[in-house]
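Every chain is named by a letter (A, B, C and D) in the order it is written, and numbering of its residues begins at 1.
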């Protein structure tokens, strides 16, 4: 709250000196954005220039959408989740651990090869206790299965959360790994196993 | 109930041991940083930057000593403490690096594309702009950052920067705020400043450019932003682009009053 | 030619405290460049520090000393105003010598 | 012992830097170095082999050697290490890193009048034991410390 006086002063200043209206600022920002990635990969640029509806709404509401907007996002995202046709949701936790550690993929320096994308999970979550280098943007997932149970309902929940985090929490900071095609069905299953398999170090 | 709240409750039992391990790790990482602090290789870059600043270069074989960094031609001391700012001669808001490019063009006669060439070093390939930025920033060390929004274009830049800070896009749905919107968070072991919190912003924004031990080189604020967008799965951000400067103006507003410690020393 | 070292030598009690940063890539010979080619080893092998004609520290280094090396040590017998000279030579025969005047405590 | 960076710079920007500038051209090709480079020792792959290459036939663990280093290094490219020996007549201090491709990192000669103390920074390929090997009065002593190397940033 220390900053409040500054903010107020700024608001006043902006009011007096003109400044841009919110809509003007948004439009200007979009133009500036397009002009500021002009030398990069055009395909990538086209993708980031055009936000999808969820990205645009979360941007507009700064990740705190009003209830009706949030409900709409959660509904549309829940409907987008594709569960494995086999009905099987648990993969191999060992592969899950590798995916959780791996940060490869989709950066402009990552060559377009057959190497699958990583999940970057440890960047934000504590997962297996042996890994001390973990982030804290998301909640700790240590002992997840031991605490939460490993039944089918939990499996479906975890699969869905990784597939599209915004199905259960609109404007969550967590990437929509399945919805955006970052991780494959099999990769998500391996991550479900990492969290839920009783043999996984996460639950030891 | 949202997943993360549910989890927080469920995991309460496991928390004590988690915290203990986390505290030990944090303490050791802190010690690592302290042990490094007694000799910052950024010194080497500052020294090289000072030489470059004074050396006649470019088609006009002129030094940069008469460069106007905002406090008038030839004034380096304290100039970095008031950047980014509006410059009448270019009629735009400029940060340190964009201004260095301008001076290389106007004073030394470089073509704009040559003046902005090789902005980031790589192993075995030093960058003059990096060294120059280290030198100029070091000339404001210990001073307070004071970049008020006076000119209408500075106010507009702040507003544009603010919009960009929250703009989510790309395959990971990331925006700047994804990592820099809350206090006390980290990526892996790296602490993340909440850039709209003056407490964090004053400490962090003012420590760039900084020597990155993981990179073995100084990285500038432009490089920091370029790298953030790389991690965000965006394309290459143009050097000294309007978006980068708008974001700097946005951050500088919250960081104002912070003591400049640049060039800093980081992981 | 390599960039100058940054040397600091100051009295601490009856000893001279020396800290030096050297500008050097310290290539291991194991790193690959963007095209996948091995970057040849390039690293400082010998460091010698002298004061008043006497060696006060010498070192042999391998490739695992960090890029832009840092050394801190102390010796007896120096006085403010006297010089400390530091030299290095790398595996390609490149050399650099710099000196500094000992400062007060 | 830790000094702020500012002190470092202030001291460095006084008389020191002037002398340094004056010395900048003083590179004398052919200047003799006090010692050779022990190629064989720097190619060894284990503690025992390094010790042998340095001229030792055996080594005693000693509590009089102190290694100051972080338990966890945020980045293996730069790991700060201080070694201090309280063993009388310390002649050399070597730094060995068990799991690096080559074990020996550095060997410092400590003449009379120089403290048996040195700080430097080393690269570590992975979590590993590091050894400080001290030669004192012709005999070899050592101490060990494990340093964990972690992935500090966004990772790759």
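Quick note on the criterion: contacts are C-beta pairs under 8 Å (C-beta built on N, C-alpha and C of every residue); 3 or more make two chains touch, one makes a residue touch a chain.
No experiment lies behind these values; they were computed from the predicted model shown.
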item	value
Selected interface, B-D versus C-D, where C-beta contact pairs are more numerous	C-D
Whole-Å gap separating chain C and chain D, where each centre is the average of the chain's CA atoms	12
Chain centre separation (chain B, chain D; CA means) in Å	33
Mean-CA-position distance for chain B and chain A (Å)	25
Chain centre separation in whole Å, for chain C relative to chain B (CA means)	30
Residue list for chain D, restricted to those that touch at least two other chains	8, 12, 72, 77-78, 80, 82, 119, 121, 150-152, 154-155
Residue numbers of chain B (touch at least two other chains)	25, 38-40, 43, 187-190, 213, 216, 231
For chain C, residues that touch 2 or more chains besides their own	4, 6, 19, 66-67, 70, 72
Graph class of chain-chain contacts, one of line, ring, star, complete, other	other
Those chain pairs that satisfy the touch definition	A-B, A-D, B-C, B-D, C-D
Contact footprint of chain D on chain B as seen in their complex	25, 28-29, 31-40, 43, 138, 141-142, 187-190, 213-214, 216, 231, 265, 267
In the complex with chain A, residue positions of chain B that touch it	2-4, 7-8, 10-11, 13-14, 18, 21, 25, 149, 152, 155-156, 158-160, 162-164, 166-175, 177-179, 181-182, 184-190, 192, 196-199, 229-231, 233-238, 241-244, 246, 253-254
Residues of chain C touching chain D in the complex	1, 4-10, 15, 19, 26, 28, 30, 45-46, 48, 54-67, 69-77, 83, 85, 87, 89, 95-101, 103
Chain D residues within the chain A interface of the complex	72, 148, 150-152, 154-156
Residues of chain D that touch chain C when the two form their complex	8, 11-12, 14-16, 18-21, 23-24, 26-29, 31, 33-35, 37-38, 41-42, 77-80, 82, 97, 100-102, 104-111, 113-115, 117-124
